[in-house]
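Both of the next two complexes hold subunit A, though its partner changes from subunit B to subunit C.
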Partner chain A sequence: MDKIKKIYKKLTIMGKISLLIFIIFLIMGVFSGKIARFPHDNIVAASFVSPNKTHLLGTDDLGMDIFAQILYGARVSIGLSLFVAIVSTLIGASVGIVAAYYGGVIDRLLIRLIDVLTIIPSLPILIIISSFWGPSMKNIVIILVLLSWISPARIIRSKTLQLKEEPYILVAEYYGAGFLHLTRKHFIIELVPIILVSIIKLISRTIVSEASLSFLGLGDPTNKTWGLVLNFALGFQAIYFTEYWKWWVLSPLLAIILLVLAVAFLSVDLEKIANTRL
Partner chain B sequence: MKNILLEIENLNIDYFDGETPLAATKDIGFSIFEGETLGIIGESGSGKTSIANAIMRILPANASVSGRISYKNRDILKMDDKEMKKILWNEIAMIFQNSLDVLNPLLTIGEQIAETLREHKSLKRKEAEDITKEYLEKVGLEKDDFKAYPHQLSGGMRQRALIAMGLVCQPKLLIADELTSALDAKTKSEILDLLSNLQKEFNFSLLLISHELDTIASLTERLMVLYRGQLLEEGFTKEILRYQYHPYSRGLINSSTTINVYKDLWGIPARKTLEEGDGCPFYSRCNQKIEICKLERPSLISLEASRKLACHQGGILEVLRGEDISKSFMNKNGQVRACIDCSLYIRQGEFISLVGQSGSGKTTLANILSGVLKKDSGSVLFKKENSEAMKLGSQLGGVQIVFQDPFSSINENFTVLDAVREPLQINKLEDQVEEKVKEYLSRVELENSTGYLARRIHSLSGGQRQRVALARALIMEPELLIADEICSMLDKSTEANILRLLKKLQNEEGFSMIYITHNLNVALKLSDRILVMNEGRIVESGNPVTIMKNPKDKYTKDLIRFNKKNELLLYD
Partner chain C sequence: MKRYKWILDIIITILIVVTLNFFIPRLMPGDPFMYLEGEDGHIMSNFSEGDIQRYKEYYNMDKPLLEQYIDYLKKLVKLDLGYSIYYRHEVSYLIKSRLKWTIPLVAISILLSSFLGTVLGLISAWKRGSFFDRLCYFIMIILNEIPSFLIGVLFLFTLGAKYKLFPISGGFTLYGNFVTRKEKILDIIHHGVLPSLTLMLVSIGDYYLYARNSMINILSKDYIKTARAKGLKNRVIIFKHMLRNGIAPILTRIFLSFGNIVGGAVLVENVFAYPGLGKMMQSSIKTRDYPLLQGIFLVTTLTVLVTTIIGDKINQILDPRLKNG
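Up next is the complex of A and B:
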């Protein structure tokens, strides 16, 4: 608890605002069912109602409440990106530690794999794979994880390499410590800040990736993420000739931008703190 | 070959004080040759004086003696009083320890000496007086001192008179019991010179009983080490003083300021176990005892020519030996040879220092010996076995190493408990880990409360961290502890505290130590032996005194010169 307070104090003003925004989105996502007065996937009013007291952001072409869709989209987007970020960071961390600890052939193989995956531009890959596998939540998660573990793996490998040279690790190895002991007792505790930062960084990346996929129509059509809302809105012919774009297009767009920016600012701040040691 | 003058076989002396006999000596056997000087050394209570008294047949009435003491092939113990009287003073004489009650205060010393002559040589009064005066002069007194009463003489003069008394009948064997222990240094050295000259002049055999090494060293050729009534080691005095086989002999010699001019004084630690048996007398204080030591008494057997030892382990064990160790590293300027053909050994309970400037290869050598680093060539033997495949660091009773920097050698995020118990945890040794951690924390003089155990390492000072590192190493009960400049990052006062603690633990627990330092003065204070390293080679080794008095290598000479220069800077 003390540590969290300490970290909070070290945040810049931008960081604090970002944290607030992130928490608001988080609450929106978690309690979306309670906050929304209307279901997000049902026709509740006439089409194209302008924003008013009952429909804060109006309705779309089918008469579904947009505010409810944004709330629900927050849940899916944040949930999905958190899941992807955590899973891929854990995979990346394991790969990084294994590569650094064992070195030699294992290290060279893994590093080569990471290099290859880094060079290939990820969005085209995302598009190609997801169009092959077909749109489903599971596929999106797998694809995103596949492309996201690389950067944490890199960072954690180099940090572990550096740790490996610490005298206390040499001492522990002299006592006969193996991979498990060193990882559990020495590496993890030192890597926690890096792991946390890399999770947060991945969150914003994943939100954007997922939104792009959905926007391109490659997302899961049954789960209305912000990207999908945007996709539907822009799919409406000649939306810019009407005034509906102001709420139908802008609201998911702003939500994405706000959340991604907030998370990005937060991660920059946290990275600085992590680098100066807690 | 000289003839045997006195031969003692299976001498047992028991004192009866109440019901149970108290053994003063057990199966002692030795011989004295004609014209030979033999020393017996041992702590007080070891039975030295009982042996002398048994030879002179002046043991108290409650003592029982068995065995054989043959003088010129006749058993003294079986002689009747008349025969004995002939031998006493004429053949075997004794110089008593100087104290007032040895001399009769009512008679002049001349009268007392002359009386001995008249009694044993049946001389007339005048003849006896003349001879007495002659001997008084020989021992450095005046003729006129004949008329002096004991209380009129100083301690040194009385001791001279007692020597005259011992010699006046021209005995073949002279027994001297604690000849010099009550004398001041100057008188002592005069008396030693005197006795040494007289021995050369008259060529009598001398049995010198003492606990003082300098007395023994200056007067005897051969030496026996006696402990609790048993002989533990026997050999030429010079050889025993240089290299001891028995741990007791070593302890005894290390406790002497005569031999250890530079080193701090540490006695043989008091007994650890109260277990007594019929086994080795040194059992309870020995740090390398095995099962048989408790059950069976070791007998005195010949090791090499004129060297005998009574120890089941064959004397002080060798813990580690490195032979022709070489190691080189590559850097951008090419190959750097860190160690070149380094050979060394360390025995159980020994404290050696590796001295050298930074870059001399001492840390590399230490890392190779402990097994942290791989060597290019050479071999490391741990207890006479090749240590290549042994994991010395991960076993109890192996080798442990403590590193220079306490700030990086322990994970700062660990608690004290985690740090100290780490080696036990890794190797799944010990069930009562926390208890053991507490015990070792108190051994290194740290708190062992639950609160302290939960403290993070990063909240500790350098000195405390180094103590934690020590506790962590000691918890593995190492046979050999290597300490690599462990104080170089600490302030002087903390350094002094840690070094004294280390030496105390080493002395008590009896493990061996290799201490690595660039500071010759620290090494002088701590070590039994010093190895000097320069440019990857061990250029010199020896005990502190020989290194200081007679350095052979140029680098060692420089080192000593720098030291001298610094001293002058301070005190000019």
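Up next is the complex of A and C:
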């Protein structure tokens, strides 16, 4: 607890605001069912009601409440990105530690793979795989994880390489500490800040990737993320000639922008505090 | 021998992408013909038997895998990317026809963003700590984080739909009646403003931050101090010392950030329904025009790969320290 307080005190004003925004979105997502007065996937009013007291952000073309959709979208978008970020960072961390510890052929293979994967542009690959596999949440998660573990693996590998040369690790090794012992007792503790920063960085990347896919019509149609709400709104033919865009398009759009910015500023701050930039 | 290792790198990377492209349709659930045969309840377009035959011939899945692969490589070498049943044309022809929209869009955006980014970065570094510097830095960080197609959507609704300053979709006025050539060109430029402005935002933050950093670095060097001590004019210091030393790494940056711009272009073209390659990619997803989709994937990815590797190479020549990094 003390540690958290210490970190909080070190945040800049932007970082504190960002943290607040992030927590608000998190609460919105976790308690979306309790906060929303209307179901997110059912017709509750006339079409295109402009924002008012009952429908905070108005309704869409079918008469579904947009605020409820934003709440539910927070749950899916944040849930998805947290999951992808955590899983891919853990995979990246394990790969990075193993490669750095054992070195040799494993390490060289990993470096090769990382080099190749980093220069392949991610959006075209996301597009082509998800259009062949079909748009479902499971597929989107798999593809995003496949593309996201690379940068944590790279960072954690080079940090572990540094750690390996530290005197206390060398001493521990001299006394017979093996890979598992070193990892559990020494590496992990030192790597925690990097792992956390990497997770936070991946969160905003995942939100953007998912929104881009949904925007192109490759989102999971049964799970309404913010990107999908935006995609539906932009797909509505008359949207350009009416006032509806002011609530239907802007709500998901600003939600994505706010969350992405909040996470980005937060990660810049945390990166400085943890001093993980290599 | 070691000097040519990077050429081997290019070849290996290209082979990986080409192989990936080969396996993706073959690993998908079902097969690419499912749609053609209408088994999944989608609305069918009226494909002729001949079309379907050509489609199957392209994938020739009834042969052994190795034979398919060799066949596929042979076709690639001949630039035969298959046949689009939706457009009823060769994929390579279709891609060429769309590139004439995408290439100018990308080129203009790169020119604008690298120029503006560098100039603003230079001013920021020169006046480091001033109000201008802090404001610029803040805005650029924000621009760097927000996905630019979302800003494009904002442009579309404000500048396009609300104030009607710019057309909201397309690359030219359909069925427009142009008397002179000049009118037609103006029309095309008018349509291109918002897309290129949005695409510019994809990378301007990147150039700015990079230029600012490297200029700050240069400013701390001894030769700048000497130049100042000699009483040289600011103009001379900026143009002769800073730009000359700072411009080359920024130019290689263009190559290295090409992947971002291509990804951005796909999204931006779809925001503005701009008739380029990215728009066609999206419509080929909708119509499940798999050969076309794969052709576009291959062309864009390979272009990015080659430019990135060239950028890396130039970087190494400029800064030999990177070689062992």
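The rule is short, and it goes like this: the second predicted complex is superposed on the first by the 275 of 278 C-alpha atoms of A that agree within 3 Å, B and C clash if a C-alpha of one lies under 4 Å from a C-alpha of the other, contacts with A are read in each partner's own complex, and residues count from 1 in each chain.
Heads up, the rule we're going with is that a contact is a pair of C-beta atoms (placed from the backbone, for glycine too) under 8 Å apart; a residue touches a chain by one contact, two chains touch by 3 or more.
What you are looking at is a predicted structure, and each value in this text was computed from that prediction instead of being measured.
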{"item": "Superposed partners subunit B and subunit C on subunit A - clash or fit", "value": "fit"}
{"item": "Superposed model, subunit A: greater residue contact from subunit B or subunit C", "value": "C"}
{"item": "Touching partner for A:Lys185 - first (subunit B), second (subunit C), both, neither", "value": "first"}
{"item": "Partner chain in contact with A:Gly217 - subunit B first, subunit C second, else both or neither", "value": "second"}
{"item": "Touched partner set for A:Asp107, first subunit B, second subunit C, both or neither", "value": "neither"}
{"item": "First, second, both or neither for A:Glu166, with subunit B first and subunit C second", "value": "first"}
{"item": "Touching partner for A:Asp41 - first (subunit B), second (subunit C), both, neither", "value": "neither"}
{"item": "Contacts of A:Trp133 with subunit B and subunit C, given as first, second, both or neither", "value": "second"}
{"item": "Touching partner for A:Ile256 - first (subunit B), second (subunit C), both, neither", "value": "second"}
{"item": "Touching partner for A:Tyr175 - first (subunit B), second (subunit C), both, neither", "value": "first"}
{"item": "Apex subunit A: angle to the C-alpha centres of subunit B and subunit C, given in degrees as a multiple of 10", "value": "110"}
{"item": "Superposed arrangement (fit on chain A Cα atoms) - minimum subunit B/subunit C Cα distance in Å", "value": "15"}
{"item": "Complex contact set, residues of subunit C against subunit A", "value": "9, 12-13, 16-17, 20-21, 24-25, 27-29, 141-142, 145-147, 149-150, 153-154, 156-157, 160-161, 168, 259-260, 262-263, 266-267, 270, 281-282, 285-286, 288, 290, 293-294, 296-297, 300-301, 304-305, 308-309"}
{"item": "Subunit B contact footprint on subunit A (complex, rising order)", "value": "166-168, 170-172, 174-177, 181, 185-186, 189-190"}
{"item": "Interface residues, subunit B side, partner subunit A - complex", "value": "370-372, 391, 393-394, 401, 403, 405, 408-411, 413-414, 418, 422-423, 425-427, 476"}
{"item": "Of subunit A, residues touching subunit C in the complex", "value": "115-116, 119-125, 127-129, 131-134, 204, 208, 211-212, 215-218, 230, 234, 240-241, 245, 249, 253, 256-257, 260-261, 264, 268"}
